Amino acid sequence: MKAAILGVSGYTGQLLLRILLDHPGITEIIPVSTSKQGKSLSIIDPGLGCRSLEKVQATAEKAVSIKKALNYKVDVVFAALPHLKSAELYAPFLGKAVIIDLSADLRIKDALLFKQAYGVRPPRQDLLEQAVYGLCEWYNKDIKGTDIIANPGCYTTASLLPLLPLCKQGIVKDHIIINAVSGISGAGKKVKEYLLFCERTENVGAYSPGRTHRHALEIEAELNMINKDFSLLFTPHLAPLCRGIATTIVVQSTKEISVQELMDIYQQYYGTFPFIGLRGEVIPQTKEVWGSNRCDIGWHIEEDMVMIFSVIDNLIKGAAGQAVQNMNIRFGIDETTGLKVHNEL
Amino acid sequence: MKAAILGVSGYTGQLLLRILLDHPGITEIIPVSTSKQGKSLSIIDPGLGCRSLEKVQATAEKAVSIKKALNYKVDVVFAALPHLKSAELYAPFLGKAVIIDLSADLRIKDALLFKQAYGVRPPRQDLLEQAVYGLCEWYNKDIKGTDIIANPGCYTTASLLPLLPLCKQGIVKDHIIINAVSGISGAGKKVKEYLLFCERTENVGAYSPGRTHRHALEIEAELNMINKDFSLLFTPHLAPLCRGIATTIVVQSTKEISVQELMDIYQQYYGTFPFIGLRGEVIPQTKEVWGSNRCDIGWHIEEDMVMIFSVIDNLIKGAAGQAVQNMNIRFGIDETTGLKVHNEL
Amino acid sequence: MKAAILGVSGYTGQLLLRILLDHPGITEIIPVSTSKQGKSLSIIDPGLGCRSLEKVQATAEKAVSIKKALNYKVDVVFAALPHLKSAELYAPFLGKAVIIDLSADLRIKDALLFKQAYGVRPPRQDLLEQAVYGLCEWYNKDIKGTDIIANPGCYTTASLLPLLPLCKQGIVKDHIIINAVSGISGAGKKVKEYLLFCERTENVGAYSPGRTHRHALEIEAELNMINKDFSLLFTPHLAPLCRGIATTIVVQSTKEISVQELMDIYQQYYGTFPFIGLRGEVIPQTKEVWGSNRCDIGWHIEEDMVMIFSVIDNLIKGAAGQAVQNMNIRFGIDETTGLKVHNEL
Amino acid sequence: MKAAILGVSGYTGQLLLRILLDHPGITEIIPVSTSKQGKSLSIIDPGLGCRSLEKVQATAEKAVSIKKALNYKVDVVFAALPHLKSAELYAPFLGKAVIIDLSADLRIKDALLFKQAYGVRPPRQDLLEQAVYGLCEWYNKDIKGTDIIANPGCYTTASLLPLLPLCKQGIVKDHIIINAVSGISGAGKKVKEYLLFCERTENVGAYSPGRTHRHALEIEAELNMINKDFSLLFTPHLAPLCRGIATTIVVQSTKEISVQELMDIYQQYYGTFPFIGLRGEVIPQTKEVWGSNRCDIGWHIEEDMVMIFSVIDNLIKGAAGQAVQNMNIRFGIDETTGLKVHNEL
């Protein structure tokens, strides 16, 4: 199977490249970069090592332009591109390959909600119906049947995976309060002052609270599909680590519920799923999933309040890993191929 | 004025020593350590430099035992000692000096609540009445009139300072949800596996949620003094920084309220206070108060939900700094003496 | 092939477990721990995830004692144990399995030199002749023919790989000055005050200079095998990262030499080796090899002085990765199996 | 005394501002910024707190342009500006105030050497004779008599302070090998990709080896003043901390020398100096001087090789602190005023 990676020099693109290099189902990779086309991968990304990259022989181990990439008949295109530019840039591949869009362009189907989040209407409204929201554990069947997958956001994945079973099961009263702490790589490789090492080390704090963060609206979009009105308050925080998201979710339960009953509900939804770790009363920590495609979930009950805790690696389950999981599902490959269940220590 | 520091080799004790060395009102310091008595300060704590420490001449720049410390007539005793051992250890100084207890031993007056938090009854119930809870911005008058001050916990300080004005003003409905992220120094200099560099770097997550964390009950003890029932849910998190606490507090407001009205309320309570920074809609970050005795507060309103954000340096305003502020108040010295309003960059 | 890991709960043991779980040549793993025997792996090491660990079924996914481990006929034993205890503990496996000893017990064959480094005579002098120093790129042939492999130290690997070609080629005058900066995991998972997060963050400095560091003598032992007297000065430093070693080596060249001639020499020795990255005048950085089994080497010439720079991941090429590389070589498996050439981003 | 700070929004400018705000000899500060003129200090630099900044009333707590700054008669100008632009920008203050130039513009008097380092001739050759190299512990007398002080570079300070006594004393043979590890703030607040948090965390390595780093030539310039030819090899490294430089210097001694004799030499030169910490065989660590104006020095002898270790806070003794020390000396104020001997924990 042949894959193109659009945006190969960003953090997500770099990780996609690594996962696909080790993925037994991938025989050829076309690395694409607008800013670094023509340059050798091992210069763009010295962590690859200077040994030959067998799967990238077609382009002589160089990043190429989108136009050039079209010359290679690829089966799947990973678009790790900026929001609002993504759908436009991969347009030439539509109908020719399965598109996995890691941007937000196709994630929110409600045009109004999209506009609230991104300030403009969805850039390709015509694709929205066909596009499947690639939250693997929930849309498996739809993913199998589509050629356009909207890969979920990192905060969204970390929030929806622990929330959906309880919301669907009618356990959750109206208010949902999500606090999430993210590593700095969530902001991408943007060269901004606030992302400098000296600005972020020994520094932690909230930003974009409530509906001012786009992922809040993406979470809302998915919760809206459940037949109940939820009121969501989402607050992201930055902490001085590179990778990892931890969420702490507080909801009021609609009825008395025990720790074991929560385990039963989660087991019912996720019992056989390879990438969900159910931890019960043990609160998961981000390091435990660093480098893995897992989402670990723990919980704590205090009277009628239920606290749920989840962790993911924002670049893996929150981006590149889930994208490959989507590819695996779409192409009928075993879901775990090329992805790690365990962390990197 | 002469001061003794009990527990001079812990993080809080080390900071107390530094602040008092630079404090113009202090002429003599008696450093006390049970584990390191007889050792030179500059060996225990090489960051002090190997120049002469003028104010520590009485003990020849060495840490001494509590027994030996009693020979020096000190005016104030800072007890930076472990919970449950503190009150017992400084007992010989009672009646002879003002005691500032940085442990939790005298913080919670309700014996039952104390037992829920610490597993045993308060170690010195007889002192509870006399002891004043040293939250400087709220108990100024009482602090002036007592000889025993219970210095508040770090999470407690970071939570109560932003909450109390709104709670007192009747703005807050029953539920209060506090998420706090703390640097690792909050755990002290304990030699435990989970505090190793390699365990904490690239790692973030919640711990001791709800009433399983002692500071939740300390916050509750203070909220109980307001004539209203609040339901508190507190969740602390550890993030890979040394110093700093950021809280994100969510409450439902009892009436429609604006960003400006919140500013007015905060101004009314804190307007002239040197160590409270009112930031309005700007969310404060821990680095902005690193090394300072400030607590900065910001807020955000979303319909009937009010989000409040605060930051402190857990070792300064959350421990050593507030202790010195308490000393200043108690002895009629200008409150800011020896303490910093600005951060360390 | 069946493998036992002695010391499965240390950092090296944990990484060995991960590498072997993903290694296609390994069918069964016996995890051994003296301190945690009887405990479930997923509790000892939650990063593994709570899915079933197929290869660890024999012990029901639990860590077992050495005595119990003997019941399982394993082909290879990885001993990730403390120095001076290692050889003693794996003794029962001698003659029954290939031993890969990650401690220093068999690294230095010169008993006097060993004593200088470790304070006592080698614990198993009788094994020294048979034991092969497992510096894969240099002792490939010997490794193939032995049943006892002494896996090199991390600083030693990072120093010898860049040095040996130049020393063997007669380029290096007598003095060799090595400065190495290591991440904190090099000290293992020891619970010591100086390894706490708050002690190491924002902290860098040298320690154990010259012959006071054991690895200096291990490097010396290998240099002694070259027919020339070298005078070595080695200084290790700790920096606030978890994984990674960077060396900066300064030697005087015996003759005028160019950047390209150095490349030619390195190519001649390492040209076809999968885990050596020759970077020329680009100075490698530790992040570029984080998680990989690579050693990258760069250089700079200033008149008659040659500066050589190398980086490794101290837990991979400097420990668990090289151990698995040794296993691959010994058992005739492709050398790169189960190991990564690229970094983890 | 009135002071202007040119470049108040960089790391060095921010620290200068903090030190001068607390400095009892300074009554008025004029903050100058070309990029942020007209903006409030508390917005540019929220760590200052939102309380009134008494000493900055003249400009209404706002950063002003250089032109505006000229309206205020200041006694001293701190120029924390980029190399090659600095001398040009502070020119209007020449003759009107004492200039302390924190850039490299006046550090190297040898025009050829300057050109090798900075690619062009010194921008103000006419000022070179008058300018004194502000290495406080060595040029005290000259500093007192000049109106232009060239504040030394950070690496230079950390290298020369430990080296000069031994070089002057004739202990050092020809070769001097300096390895230095620096925190990221040494690069300033430049918005560059390689300075992003995610690029620097878990990353360490050398850069600009030998004469390719400008500070190597600045060190050389000072060594050249000693009547002996030294051959210098300097290699800087970046490590993931914000502040701190540690040097490891290797020299061959001209005669047999003991640890105590080294102490005697250092005592002779630095015995009464408040900011030099002589540590003997204890190797200093950067955290021990974090926030202080100290340079701590330790050493180790191995046969005829002498290893010297020094640490400074690159932003304090390596920049803002030494600049204020220079001001104190120049204006006859006690040298330690406003500066810290102890670290910040």
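By letter and in written order, the chains are A, B, C and D; residue numbering begins at 1 in each of them.
Basically, contacts are C-beta pairs under 8 Å (C-beta built on N, C-alpha and C of every residue); 3 or more make two chains touch, one makes a residue touch a chain.
Everything quoted here is computed from the prediction, not taken from an experiment.
Graph distance from subunit A to subunit D, where chains that touch are one step apart, equals 1.
Two chain pairs, B-C and A-C, are compared here, and A-C has more C-beta pairs in contact (counted per touch definition above).
Ranked by separation of Cα centres from subunit C, the top chain is B.
Mean C-alpha position of subunit A lies 39 Å from that of subunit B. Distance between subunit B and subunit C, defined via averaged C-alpha coordinates, is recorded as 45 Å. Look at where the CA atoms of subunit A average out and do the same for subunit C: the two points lie 35 Å apart. Looking at subunit D, one finds that residues 11, 199, 201-202, 240-242, 284, 287, 290 touch two or more other chains. Across the complex, subunit A is touched by residues 177, 179, 181, 183, 199, 201-207, 209-212, 231, 233, 235, 237, 239-244, 246, 248, 250, 283-287, 290, 300, 302, 305, 307, 309, 311 of subunit B. Residues of subunit C that touch subunit A in their complex: 11, 14-15, 18, 21-22, 46-51, 201-202, 274, 277-279, 282, 284, 287-292, 294, 296, 315, 340-345. Residues 11, 184-185, 189, 191-193, 195-202, 240-242 of subunit D are the ones that touch subunit A when the two sit in their complex.
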